[in-house]
Amino acid sequence: MELFGIFLTAALINNFVLSQFLGICPFIGVSGKLSAATSMGMATTFVLVMAAMVTFLIQQYILAPLGLDFLQTVSFILVIASLVQFVEMVIKKVSKPLYRSLGIYLPLITTNCAIMGLCLFAAMRHYSFFQSLVFALGAGVGFTLAIVLMAGIREELELADIPRSLRGAGITMVVAGTLALGFMGFAGMKF
Amino acid sequence: MSKQMTINAEFAKGLWEHNPVLRQLLGMCPTLAVTTSAINGVGMGLATTFVLTCASLMISLLRKLIPGQVRIASFIVVIATFVTIVDLTMKAQFPEMSKSLGAFIPLIVVNCIILGRAEAFASKNNPGRAIIDALGMGLGFTASLTTLGGIREVLGNGTLFGVQVMPHQYVPWIVMILPAGAFLTLGLMLGIYNKFNHRHEEAALRAARLAAAAKGV
Amino acid sequence: MANPSGTGSELPAVSEGNLHLVTSPHVHFGWSTARIMWLVTAALLPCLAVAVYHFGPGVLAPVAGAIVGAVGTEWVLNRASRRPDTVGDGSAFLTGLLLGMIVPPGFSPVHAALGGVVAIGLGKAVFGGLGHNTFNPALVGRAFLQASFPAGMTDWSTAVARVDAVSRATPLGLLKFGDPSQFPADLATERLLAGNIGGCIGETSAAAILLGGVILVATRIASWHIIVSMLAGGALFGGLFHLAGVGPSPLFHLLSGGFLFGAVFMATDYVSSPLTHRGQWIFGLGIALLTIMIRLFGGLPEGVMYAILLANAAVPLINRATRPTIYGAKR
Amino acid sequence: MPLRSFRGGVHPPEHKELTEHKALELMPVPAEIFVPMGQHLGKPASPLVKKGDYVRQGQVLAAAAGFISAPVHSPVSGKVVKLVKGPVVGGTTADMLVVQPGEPDPLPADKVAEGAAPPTSAPLLLPPLDLNTVTGPEIIERVREAGIVGQGGAAFPTAVKLSPPADKPIDWMIINGAECEPYLTRDYRLMLERPDDIVEGILLIGRTLGENVNLGIGIENNKPEAIRVMREAIVKRQAAIRVFELKTKYPQGGEKMLIDAAVGRKVPPGALPMEVGCVIQNVGTALAIRDAVILGEVPRTAVLTVSGLGVKEPKNLQVTIGTPLRDVIAFCGGATADARRVVVGGPMMGFAAYSLDAPVVKATSGILVLSERELKEPPETTCLNCGKCAEACPVNLLPSRLARLAELQRWEAARDLGIEVCMECGTCAFTCPARKPLVQYLRLGKKNVRNLPRKER
Amino acid sequence: MTAFAYSLLTMGGLGIFFAAALAIADKKLRVQEDPRIGLALDATPGANCGACGYAGCNAYAEAVVLEGAPINKCPVGGQDTINGLARIMGVDATTAIRHVARLMCRGTAALARQKAHYEGPTSCAVQDLVSGGGKACQWGCLGGGDCVAVCNFGALEMGPDGLPVVFDDLCTACGACVKACPRDLFELHPIDREFFVFCKSHDDPKRAKEVCDVACTGCGICARNSQGAISMVDSLAVIDYAKLDPHVIPIEKCKTHAIGWLHPKQDLAALTAPAAGAGGAAGQTPATGAD
């Protein structure tokens, strides 16, 4: 039940995108097309889980015992960067269209603060391995949910007569704000 | 990027024309997250500017030494080092602000502005220009954050930099300091920024048409 | 054999160059956007009347504030963006009225007006005006108010009340935070129907809302699919949890809080609801499920507004999933 | 038996009371007629006569120019005055022969002395064929020769429709007597006045489609009299023709809807009725075929309804093909002061005429003069997403969305949502409270989707 | 000191580990891509207008590098793009003559007749579907502004007379307007070309004269006097620019002024002045081909 609580909190109550402001760049950049958003969500979830596992091991077995906590930022980002580059290579090899639709945002997963943020939070809260895993999964689901909802709305808004100056990022922000208002309904949810 | 800009233009472009937040939509996470007050915006902006400037300088100095294949990784290590310095410094010197900015100080490491400028500018230009560029971008970032933080603080708390500015009867709109308020305010700010630019573009177009018309006769 | 007509001069109205060149069809059902909006407004009048009866004429202040805010914003923004004036189509008035109906009776008219401004400005105009908005504008306005003025939005001790019974916490609030056994009368079905209980201006009397619902369904303005699916969903999910020992009876779920008002007036908003009947069923059931979950497990007593906003966000996905099969095509 | 129908559709005000009790009336030939070369779907016919020629009623004026084409016969005897480009309904301009009705020039005295037969203005008929012995191929040949086109609106050459490819066996031939368009009472009057001839026509069409074809006629239940009369005529002749009583709903007379309602088959998107073994013919077409076979007639007149509140005396008329709209309206007492629009065809699918010089053609089924009183036109607003168009669309499209996609020129997206299935019935625009010109945008979308490079599906 | 050593070891170890892993992955998973594509993309203007006939600048860049597509296909980038691509591909830069769009219709609201009140969306493409819209001439400009809407460069504007105006300086000859016009009234011409037949009507003389004052009626007088540079095609004068000697064209013989100069000297001024109500109005609207 506690694991479920962590999952739910990361996915809905403190949604990574809509209330923690993590992963905003891809949320804005890749939410134009539903198909791309879905794959971005999955790719991010995948990287999140991988990164959570690896950084947990590094934190638990290298940094903490050696008292090198100040190396957290540097070592985590190194791990994440390598992971992302690895995923990028795999996607490029497996599916060219997918690679194209994710475009320049794949390298940006590196600088996707959702991933770094997740690892830092997990370390800060001293989550266990499984807790980190579930936390990452919840965060990934939350991110995917937000970006897919947003992509659906934005595809719909392509037919709308949005004032020119608000097209693109502007309207995305407003929609995200309203979504955030909606997600406030989950506040305090407990089972 | 074939033409060399003047130093002034190089500096100024980050403030408005290529403003990292409003035009390039970079560094959105801290922009939204920490701007619950103007002072937070200033703090975050300056911290980022410091990292950006130091990292740009370092990368520009090392640009001929770093092999192409590992450049991104090297940039990240350089940036992460400076971020750690800032993080530790702030924890020691400004514990309160460090607390309110929370994880977003270490997260400067993944701020796309810094990596973006490193990749697009510092690794291709001499240290002097790199510093000017970084300062311009950093101050543009700081200005955007402060404005956003100011608006949210005034409406959401009735204060600006902690000083009560709204009349006493004013009931603060709490939503403004909640996540939703951040999104909505930034969305409208982007709209206003674009509106200004569109006005400018339209005026330029009208001028061009007039010129064309004058020449045609 | 003679030309029976002579010249065209005998056809004064349809002579050459005076003909109208228009695409078919050349007849029309005759309904207009404005007519729909004003009819919905009319369907809201019973609720408003009951509110005035229970809470006193003072409730008209926040309602008027919301309407002024909404219509004024519509007018100003149309002006500023050089779009045709759309105040006359009644949609902004309706948004304002709807917003006014879902704030507490003693709510500040100024804040209600702010809600109207937000509803039209951030809920509608930024999307390009009527027909393009993703979310129900009135609910955007209310969500903004709820987040901005949590105290004001949950203050039921209205000074304008004529009857003591109505200046109390809402039945749902009692259920969540109070001891329901101490207020058994407030939870009785007949009071929920009549509306002499605490609650937002328009949502207390289930009977008045149902009357409005009958008007909307009878005139075929509102899709009964949404209303019925939402009520069915509320009964189903509320009932399931009730059987499992969690929460009140399903009937209480349906009649209390904003459930009915949301089902009849909010979820049925054309723009922010799915196009097809199948989609509308999914939509209604989804809102019901979310509402029940928030009511039973969330930190807030009421969740209809959030449920509808979240369901609004999912409408593009629902529409995509429930696209009708083209005639004669195989699935 | 439950009433037969289809999903969707609308109930526009019928206004049939204006003309349903008025017997067909023959309108005199006007002073000058304009005979377009293209009165059918497909290639316009190529003229065989020239300026100054004397032509006889029924004489071939222009020959079919290809497989999907039809010859044009002279509706009157008289002189060809000229070949012009004149206004037509539903398009811009088209080639047409101007014919002045009149007696032939008298023969010169020396020719008379030689014993030459004096020229005559009597109609030139094809040799009549016997109803009992005529074969299917003979009938089809006669239909082609006579240039008969579908009377249902699209004016598709009937002979082509009666020659389905061998791999598409036809087991139902249904006559479309639904007449679902408001105002129009032409088919109704024909059914009341010539039921026996219609039955003969049905039997003749049936003969062209082989042994196994079932025959039927679908009539909406707002025409009980027509249903009764047709049943009597069928019984009288002991013909195996089934009468389908259909629910009154627009567009019940659409081919796909009629097939669905009558025999419960759904024509797949992009396919013709023959895909499901059906052929639909109009009441008027059946009569034209009957007259061509048994009497040797060619289409010289069009039967049509002149109606609408904008015309003083609404009528059902038999009008010489080529008569300008102006003359027809004048024959019906002229237009009222508040008349605004002249529509050729029904109000749901008909075309607005931009010129009263445009002539009546073979397939003209009605001329409506609409007044301000019946042109209810609320102002256009933006789409509310109310879904009424989707609810009404008989072919299950999302018209509002397709129209918007067309407006934004997103042709691929429109194609993927099936815009090509749209039959422009106008149901969506009729119900739209935002008064969007949906049909216009759908038409634009269809045109551009057709021009898209073919993509394998 | 130990902390320092550990740091060094940790970071070094991590660095080496990941570097090795990535190096192996790079070997195994590498997808070859021609680096010139990126360079070529940089050389294009990035307008993604599709005037080159490819799906966008990226597609064109790929086509140039991989399929050897011609390097002078981009009208927007002009000589700069050609030079850039030439450098990347190592071929000679061919010089492109600057072209601009010209409207081949002068049937302003004052000079061309309307046949009916058109009601509906103003877009030309839509109007054209309804019996050709309100304009009586079925060949002429409908004035709905589809061309203006598609122009990405702001080079077109609807003039007060109901015809679009081209701003030469802004026009990049991308051809978007050519494609957008349902009546094919736009043509791309070298910018210094000044002499045109401003009409596309194939109507017979009588009808042409009826519907528009400035229509080519197909009288053929220009063709007879043009020494072979002008021919009549289905009642319309067509210029063969290769044979054209502007000095021998007797344009004053054209009664309707359908043929003439882009920047009119006198030919149209006389005709428009009474209709426009103000003298010299023709001269003030420049480069329109429509005054």
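Each chain carries a letter (A, B, C, D and E) given by its place in the written order, and its residues are counted from 1.
In the analysis below, a residue touches a chain if its C-beta (ideal position, glycine included) is under 8 Å from a C-beta of that chain, and two chains touch if they have at least 3 such contacts.
What you see is a predicted model; the values in this text were computed from it and never measured.
Visitor: Hopping along touching chains only, can you work out the least number of steps from chain B to chain E?
Guide: The fewest steps needed to get from chain B to chain E is 1.
Visitor: Give the chains in contact with both chain B and chain D, ordered by label.
Guide: A, C, E
Visitor: Among the chains here, which has the CA centroid at the largest distance from chain B's centroid?
Guide: D
Visitor: By mean C-alpha position, what chain is farthest away from chain E?
Guide: Centre of mass proxy via C-alpha means gives C as farthest from chain E.
Visitor: Approximately how many whole Å separate the CA-defined centres of chain C and chain E?
Guide: Chain centroid spacing, chain C to chain E, equals 49 Å.
Visitor: Using Cα averages as centroids, what's the distance between chain B and chain C in whole Å?
Guide: It comes to 41 Å between the two C-alpha centres.
Visitor: Indicate the whole-number Å distance between the mean C-alpha point of chain A and the mean C-alpha point of chain E.
Guide: 45
Visitor: Going through chain D residue by residue, note those that touch at least 2 other chains and give them in order.
Guide: 351-352, 354-355, 382, 401, 437, 440, 443 - these are the residues of chain D that touch more than one other chain.
Visitor: For chain A, give me the residues that contact two or more of the other chains.
Guide: Within chain A, residues 71, 74, 78, 82, 85, 159, 161, 163, 166, 170-171, 174, 177-178, 181, 184 contact more than one other chain.
Visitor: Got the chain E residues that touch at least 2 other chains?
Guide: Chain E, residues with two or more chain partners: 115-116, 120, 129-131.
Visitor: Of all possible chain pairs, which ones touch?
Guide: A-B, A-C, A-D, A-E, B-C, B-E, C-D, C-E, D-E
Visitor: Hey, which residues of chain A end up touching chain E in the complex?
Guide: Interface residues on chain A, with respect to chain E: 58, 62-63, 66-68, 71, 74-75, 78-79, 82, 85-86, 89-90, 92-93, 96.
Visitor: Where on chain D is chain E touching in the complex?
Guide: 84-85, 87, 89-93, 351-352, 354-355, 407, 437, 440-441, 443-444, 447-448
Visitor: What residues of chain A sit close enough to touch chain D in their complex?
Guide: 158-159, 161
Visitor: Using the touch definition from the top, list the residues of chain C that touch chain D in their complex.
Guide: Going through chain C, the ones touching chain D are 1-6, 8, 10-16, 19-36, 86, 89, 128-132, 223, 270-277, 323-330.
Visitor: Considering the complex alone, what residue numbers of chain E touch chain D?
Guide: My answer: residues 115-116, 120-121, 123, 125-126, 129-132, 138, 203-204, 207.
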